[in-house]
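Down below are the structures I want you to see.
In the two complexes below, chain A is the common chain; its partner is chain B in one and chain C in the other.
Entry: the complex of A and B
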């Protein structure tokens, strides 16, 4: 089996403002993200041979995209994979190129979460598991249960773990101040984050990402074609996707202190990319910080920190812009909000610019290898995407 | 009778285990056990996802279980806005039976401890609706 490593290149990307975009509908967002990507790649819409369109909340079928961009009579597949939808949309477009059935493909994700039934976060999705339990537990409650158990398992005092969460929140808010397209662009303090109102114990307001509208897009092609288009194209090194098949939170062996789907996705991705020591070999990462506890546990799931030790790395500043492995350099979901199928592509957009050396005030000194991670669903039932990127030699 | 009278908001019409609600009305919280492989299920399932057998039987969830984790919800989702704050818990009973649900309001948030012993009992809600909750064992 041949993996995806070095077989697909990104030659253009686009990303809209993320936030409460009351003056734009989802077609406007698709146009804005796609045309920035077309311009970046130096191509016309007619050059797109196939497209993959990720969306959960906006309309139905690939014709939504065909109509917005006038991409008539080309194949457009619609992708829905909850929080991993954006990265999975990208993954499908890459596989299209790698298979040889098309030379240039578009991957684009868009959501209007703010004016869709009041935003997905407080809207109850259909029961995941045919549960007869009352489904009164949206995502924040799911992840809060991990935070409570993590605190107990490692013997944390409430105030001490809240301070670690707050340090993650403060880091992401600081990075967000340098991201013009972010929903939230202001500094917060550790005290503010620790003392904010609780949403779902022990997670407070600043331990949770926002809900927003947004769209992001990528143009992918073969490395051979990419060479003829630009010098600073970015190579796909790995694409992993896992789905948990457990009986949701009721899986009796589940420990509530890790995400097995993320561990499996990371192992697959590291193997495909040829990475043996992720802490040393990865220069920057965009991880799924829907809640502070998710980012903390993800450090461990991805092998950035040993089990139970992620907080020590947070205290040491390892994941700040000045640290040895900066995480969520653009401010993450914390500052961009989380328009489901757009998020993964927005995160790839940041890694793409870091690896090109075009991340402006957020630019890292060394950015040769970058990682994107998304996780969504409920415990025992998550899906997780991990993608790794590198520069041409 | 089926799930139309279950919970604050009923999400399911899972007909194969509709007796769950009838049992609740009789004062019993019931789960199912696969007759082939012995796996226990709550919410009850008549089809076993482990061994794929379709032969299961009911049993009553008795005794106490241990609280594994919890969260106290300050903002309820659609349909539950007026219920908050409430506490969601995960509880482990014997033989790999894990149950998810609400904790009784009689237990103060400051008294909730991981590892505490709780039992599960049916509760009547407003408008003749029925559910179950965890109480101190």
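Entry: the complex of A and C
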């Protein structure tokens, strides 16, 4: 079985401002992200042969994208995989190119979360149905349950674990100050984060990402065509996707201190990319920091830190811009914002620029291999995407 | 011999201090939580009553209440599902009168006598609304009582019964009313309560030849915690030694459930051979003479009235009570529940109401909600139903958040619990003190209401710290 490694290249990307974009609808966002990507790739909308459109809250069917961009009768699939939807949209477009059925494909995700009261459609149906006996809440309490158990399992004192969360929050806020398109661009202190109001115990306001409007897009093609378009195209090294089957809530063996979906996706991706020591071989990562606990556990799930030891790396500053493996260099979901199905493509947008050496004040000295990780859903039913990128040289 | 073969009761965890209603008022009244109603309380009392009894042997369930959540829709069927009874049984709702509890009891006795049922359950519950700050408000309490009627292993035999009706406007609610109305109490007590109950008791004693000295305990419905004494004295009973305490100091008048609950309280103190007189009230009165048998010692392991009354949390903020009852409107949350699907509610009834999971016949793994393919061994359609509602569990992990609906209870405690004997479930926790929630906390399951949308009320189970 041939993997995706080195078979698809990114030749253009676009990303809108993320945030509370009260005056824009989802078609405005699609146009803004797509046209930036077209310009970056040096192509016209008519050059797109197939498209994949990711959305969860905003816009059903491929026709939404066709109408926004006036695409003329090309195949467009709508992709929905909760918070992993953006990376999955990209994955589908890559597979389209790799299969040989098209030369140039568009992957685009967009959300108008802020058209929903409180920024999030509370009416989550999956994995249940309309008898509505599940709680109809945003996923924060699901991640908070992991935080509670992580604290209990490793014997953390509440204040001590909150300090680790706060250090992650502070890092992402610092990085966000250097991202012009980020939703939140201001520094915070550890004390501010620790003393912020509780959203869902034990997670506080600054332990939670923003909920945002936004869109991000990628143009993908074959490496052969990419070479003719630009020198600094970026190669796809691995694409992995896993979906939980309810194991966490059906099987008491599940421990609530890791995401089995993420562990499996990372293993698949590392194998496909030929990575054996992720901490050494990956230069930068965009991980799904929907909540501080998610980022902390993800360090362990991705093999950046030994199981149960991620906090030591946080305290050592390993994941800051100056650390040995900078994570969420653009501010992450925490500060860049989180328009669900656009987030994966926004992460790829950052890795794309880091690998091209175009990340401005956030630019890392060494950025040859980058990783993107998205996870979304509820316990037992997480959908996790991991993608790895490299440079052609 | 036909009689009571088991009893049970339910008093909500919460008590409203009467001081919160009116300065200087004494005692407290039982109030149901925001997620309770007469159906959930009646289910809890029925489950208490069936402790140690095979639920498949129950072949009748009568639900009595003046505060039925529906005007048109059977409540007994919802309760029978929550109690996990079989479906080929008698079910009926008794309503509209404070006497509904004893009316249902009479009918259950008749059903067993006639042979239509072998074991018929009566479960009565009420949570009546009084006008805020009215004289009724401090008096009304919430609760439920349940009696199982059968003809073997009789705990309390029924020696005699006698009923009168009394057409009078003394307490009422029109279809358009939310709150109980009344007339001047000098009239309603004289010609309603006192006259009605007196007629029933004296009629019964005369017809069957009893005298006051024949009874070890007289259990009387009491409208206000005082008038039953006047009534007992006028009938020749010794109010110091013979009259059952109507529990106004700790519970209040629980409406249609009241006579059943007071009878349970009396039975908890009774010994074999005791003769007990019970009289209900509501547009007339039903009076009964009971005799306690030696079997009573076999059913002491119920939480009953004593256990439930001893386990409590006092609410001191009157506004909490008003909000829970919907008298103070809560801020509506946007887009919480768009609609409840009647087919989905029906299809999921065994899981949601009976709280039945499944146990894999191939590998033994207990799973909730029910699955088609086993999560562990992947065997397809190899399951047997597995009741979880009666299992204890422990909190594996939890969150306490301020943004998940419902907004009537902040923070909302969401739990992942592991059942003793297998099975894991995610559910809300209710009747909890946020300070006491920890990983490993022992919990039990309690049947509660969840969402109300388009007149459809769905019910489900929540975890709660074990009531001790």
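Criterion: the second predicted complex is superposed on the first by the 371 of 393 C-alpha atoms of A that agree within 3 Å, B and C clash if a C-alpha of one lies under 4 Å from a C-alpha of the other, contacts with A are read in each partner's own complex, and residues count from 1 in each chain.
Convention: a contact is a pair of C-beta atoms (placed from the backbone, for glycine too) under 8 Å apart; a residue touches a chain by one contact, two chains touch by 3 or more.
Quick caveat: nothing in here was measured; it's all calculated off a predicted structure.
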item	value
Contacts of A:92 with chain B and chain C, given as first, second, both or neither	neither
Which superposed partner A:343 touches (first chain B, second chain C, both, neither)	neither
First (chain B), second (chain C), both or neither touched by A:144	both
First (chain B), second (chain C), both or neither touched by A:251	both
Chain B versus chain C as contact partner of A:294, first or second or both or neither	neither
Contacts on chain A seen with chain B and repeated with chain C across the two complexes	117-118, 122-123, 129-138, 141, 144-149, 152, 197-201, 203, 247, 249-252, 256
Residues on chain A engaged by chain C in the complex (per definition of touch)	116-118, 121-123, 129-138, 140-142, 144-149, 152, 197-201, 203, 245-247, 249-252, 254, 256, 379
List of chain A residues in touch with chain B within their complex	117-118, 122-124, 126-127, 129-138, 141, 144-149, 152, 197-203, 247, 249-253, 256
Chain C to chain A touching residues, read off their complex	333-341, 343-345, 347-348, 352, 365, 367-368, 371, 375-376, 396-405, 411-412, 414, 416, 418, 422-426, 428, 439, 450-451, 453, 458, 460
In the complex, chain B residues that touch chain A	3, 6-9, 11-12, 14, 17, 20, 41-45, 49, 68-80, 83, 86, 88, 90, 92, 96-102, 109, 114, 131
